[in-house]
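Below: one structure, written as structure tokens.
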Amino acid sequence: MKSKFQKIFKGGLGQLTIPIIAILILVIFNLIRDPSFFSISVTHNNDGNIVLAGNLISIINAASELAVLAMGMTLVTAASGGQDISVGAAAAIAGSAFVSMLKSGSTITGGTVLLAFFYACLFAMAFGAFNGTLVAVFKIQPMIATLILYTCGRSIAYWINGGATPTVSSPIITAIGSFIPGIPIPTPVIIVIVVAIIFKLVFHFTSLELFTQSVGINEKAARLNGINATWIKLLSFIILGLCVAVAGVISVSRLGLINHETILLDVEMDAILAVAIGGNSLGGGKFKISGSIIGAYVIHMLTITLYAMKVSSTDVKAYKAIVIILLVVIGSPVIKSKFTKRMTQLKNRKTKVSTKGAL
Amino acid sequence: MKTRKEFLREPLTDTQLLMTITISIFVAMYAVAMGALQGGFLHAQQVFDMLNDNASLIIVSCGLTIVMITGGIDISVGGVTSLVVMACILYLNHGGNVFVAALLALGIGLAFGLVHGFLISYLEIQPFIVTLAGMFFARGMTTILSVNPQKVEHEGFANLRSTQIEIPWLGYTAKNGNIVPARIELGVLVAVFCLIVVFLILKFHRLGRGFYAIGGNQTSALMLGINVKRTRFLAYVFSGLLSGVSGFVLMMHTGAANATNAAGMEMNAIAASIIGGTLLTGGVGNVIGTFFGVLTLTTIKKIVVSSGLNQPWWQSITTGGMLCFFILLQSVVLSRRNKKKKAT
Amino acid sequence: MHDECLLSMRHINKYFPGVKALSDVDFTLRHGEIHALMGENGAGKSTLIKVLTGVYQNDGGEIAVEGEKLHIRSPQDAQRGGISTVYQEITLCPNLTVAENMFIGREEGPLIRQKNYVKRANEILSELGIPARGSQILGSCSLAVQQMVAIARAVDMKCKVLILDEPTSSLDDKEVQVLFKLMRDLKSRGVGIIFVTHFLEQVYEVCDRITVLRNGELVGEYLTEDLPQVQLVAKMIGKDLDELSSFGKAEVKEYGPDDVFYEAEELSSSDALPFDFKIHKGEVNGFTGLLGSGRSESVRAIFGADKVNGGTVKIKGDSVKINKPIDAMKHGIGYLPEDRKRDGIIADLSVRENIILALQVMKGFFKPISRSESEAFADEYIKALNIKTASRETPIGSLSGGNQQKVILARWLLTHPDYLILDEPTRGIDVGTKLEIQKLVLKLAEDGVSVTFISSEIEEMLRTCSRLIVMRDRHVVGELKGEELTEAQVMKTIAGGNTVNEE
């Protein structure tokens, strides 16, 4: 028992230590500030469904898109050693494709929604493949390669929409964006869980994790062991494309409309941040998807906490910045090594004292 | 004298090659625009307008180029610029002094640069994350200072702002027969000054060569006796300082501040640097290239507008296309070059 | 003057987490002396060098140059103290000019006077006979020239202590001689040179004294003429050489035409000129030649590691196409690359993951090896090859060179190859592990595996290979077997005295 505890204490959590500590601090801070902050109530929503409500639910719900994107971003980061800064723009394209497909039919049924979702996936995967080709085949740095789509992605979305901000209203869309009747948990949260399970299954039934890490750590060696590094990198961007489509559809369904200018604005920065807070190296290589998911929730818990403290939505960024800096400073290699040095010094002194005592 | 000849004999460096490509494409594009679209493109004022509108972008791009040469990135430049504009305008409108406002601008920029540099260089935190936080902080502070748009009401500053340099012989004759002289804003002079200073530092100062050295190979630079940490630290200080200058210049250009000031400027600056031949991997790049990168970006936009493609999406789609073209071109040129090098 | 103490390091200690890398090591260097620092990998040579150059800081002890105490906290401190280093890996900036690389970091004044630099650089380069121009971009020079530029820089810095850390491993014989001339020249000027190398012959050629380290401790300091080569090796490995001589010569087997496992005609790649090659089942053959002779490029072509341009390949008589590593792997070929760090290990992944990697790739993307299965594999090979690691989940990057090499070997053995290509499997690893690997090669051959073995040490190849293919200037210039397998004959063929069999 003691050894297990010690193991965890000694960094058995590894890269997850910092994000978990961050969550704990935020939780404790909120509980001190307002003991009822995390209370969950059961209420009826406008449609008359029994649903769960409360700050905790809204945090987890609001972070859904970010969590999905962070998962894909982790894979891209690991394989290519760079980040995709076009996910927001690509989500706008996917969302527009989704809406335009729904609009093309006369009625919205489960079938058409599914079809529209596949259509959105197709678009997002195609643009993912475009980014991936630039990175994997032309060996362009991911950030530069995706700068192209970042620059013009939202305009392409605008083009698909024909310059308008079309709305869609249907019970099915509402169900995707908020609650499925009879289930008290917000649908986006369920989608995140499903996506996470799919990732877990993919890692279990394929060698994606091992191959991606190998490529990210040492591409030359991976190639000499028969791994098709180009394909692995391309694949990571295509998988991120799927995540983008899911995030875009959640976001569109939440609002019931697509606004190409504002949908998932600046989400790319948050997604990269989630990956980094999750303890993953932005230089690629070893990764933990779970870290990035926790990272996404840290970001949103912070945001909601600030909102609860009456900080206006535009000012939140400044406070967020301070917390981010604190987190990365604590996690920085220099601080870490100084800390361990100090600890061993203390330990040495202790043992010295005790041996002296024995004498 | 022998050495100069020797320099001429050497093949182009990667930096020179990429810069040459950019400048040629810019000249070709502008020439085509002059021939095909005529209109404004025939007047010198067109070029000056491009400079007037983009003086602050040129300044931040210089800073970003330095950072990119060291192999880093600074995405806070737009945010800092916006914060400086807001802070200075509020200060001036509360009866401040123009000179102190300029110092305030430099001070804010310097402060960001110092913090970024310290965190990145001495605490070894990833530059993307640090400057992302810097951007968030600067944008957040801008709205904390004021959510509402502000306009300069300071008289002294208004005078400074309206001061323009007129060059009659580069002007043109308007329809009513009056000669309209070419006008250049003071901000452009500041931008050109910054450009020259950065160029000279990069080329002739040991600090500048240090930037290239740590971008080329950091461990080697350390072994060669370069203070890598201080050099990298100073790169971010430069970038921050130039963001401060950029903010002041932008304020002179617009005379107003709002929360979305300089939105997307960081990405434009990165795009300009890339088009100008700076590689994000570090060690390769030049501010002259960056300058032409800014001009190329602006010219594309002007051409799109002049060709009558008025729908708002065309500008960014053509910019994206152009960026794609340049990025692919560089990738192909450099990889062919490396292959050739390997073969010999 | 000659015996006056130039550099003295006393009671140097250095700890790493969990390891004592140096304990109480003394080292003395005199004026005008070439002093070899010898030891196995992990003996503490490189740690001692890094302490001296300020890359690491010592946890105890004193360093003095000409009697003056020095506190070395950074490479700059070392340079200021007159200590310069030339490393095995080039530590210059490829994107700057040769002249800049010689003068950067030690400019007088803040401004760079390129023209001045180029002029001075050209003078120094021509004085030392280095074929480079000052205005050239360093990246456009060959590796050997880059190395010499690094030495030129150190020479120009009027250093008192020059450390050469394995400078000869990327140079050919001619370049080595130029370097030695340079070293003797510097020696006559009173510079003290610390020479770290794996090549014993070179030590006896240029060095005055030898200091031997083992396991982070000082074994002793000797005059070169007092220490025969055999004893030096004995001091380095701390055991007698009986084991070394226990190897007999590889026996010559006769092969029939049906025994051919792999046969290539006119095989060529982007890096290798066309060559013919065949290997029999259970045969150990070797490619030999100087560095850059094309030996590594040729075996890379066999494995499909570089772009294959042409040629026909037959495996067990069937015509096959090998364009990519995976093609070769599917036909039972394994390849241990020359540069372990760059091409072999996946540093951050665990020993276990590194071991199963190749097998996993062969099984395919959709058939992952289960955790328990992979743990069993890892344990099996850690035991079989005697890999020294804290656990199977330890990142391979934290293992010593020899153990990393064993992990890579385990990776290929796990695929149960029919044909294993080993490119310099024993480079930079200790003698003990070297012997283990040589034994393993012979055992594999007994079990019917074909092995191609490449090594820079001819003696080692003579012990293991029954047939040697000799290359020079990217061409095969001879094939030696049986009675022809003598060191003298191999040397002759490499040097081009007379060629045997085919030309």
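Residue numbering begins at 1 within each chain, and the chains themselves are lettered A, B and C in the order written.
Criterion: a residue touches a chain if its C-beta (ideal position, glycine included) is under 8 Å from a C-beta of that chain, and two chains touch if they have at least 3 such contacts.
Because the structure is a prediction, the values reported are computed rather than measured.
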| said: Considering only chains that satisfy the touch condition with chain B, which of them also satisfy it with chain C? | reply: A
| Chain pair with the most contact pairs? | A-B
| query | Between chain A and chain C, what's the gap in Å when you average each chain's C-alpha atoms? | reply | 44
| Any idea how many Å lie between the Cα centroids of chain A and chain B? | 32
| Junction residues of chain C - those touching two or more other chains | none
| field | Where chain B touches two or more other chains, by residue | value | none
| query | What part of chain B is in contact with chain C in the complex they form? | reply | 2-4, 6-7, 9-11, 13-14, 203-210, 212-213, 215-217, 219-227, 283-284, 341
| message | Looking at the complex, which residues from chain B come into contact with chain A? | response | 73, 119, 122-126, 128-130, 132-137, 139-141, 143-144, 147, 259, 267, 270-271, 274, 280-281, 311-317, 319-321, 323-324, 327-328, 331-332, 335
| note | Listed in rising order, chain C residues that touch chain B in their complex are 75-76, 79, 85, 87, 90-96, 100-101, 104-107, 110-112, 114-115, 118-119, 122, 133-137, 139-140, 153
| remark: Given the complex, residues on chain A that touch chain C span 204-208, 210-211, 213-214, 217-218, 220-228, 285-286
| field | Residue ranges of chain C touching chain A (in the complex, touch as defined) | value | 303, 305, 324-326, 329, 335, 337, 342-349, 353, 356-358, 360-362, 364-368, 411
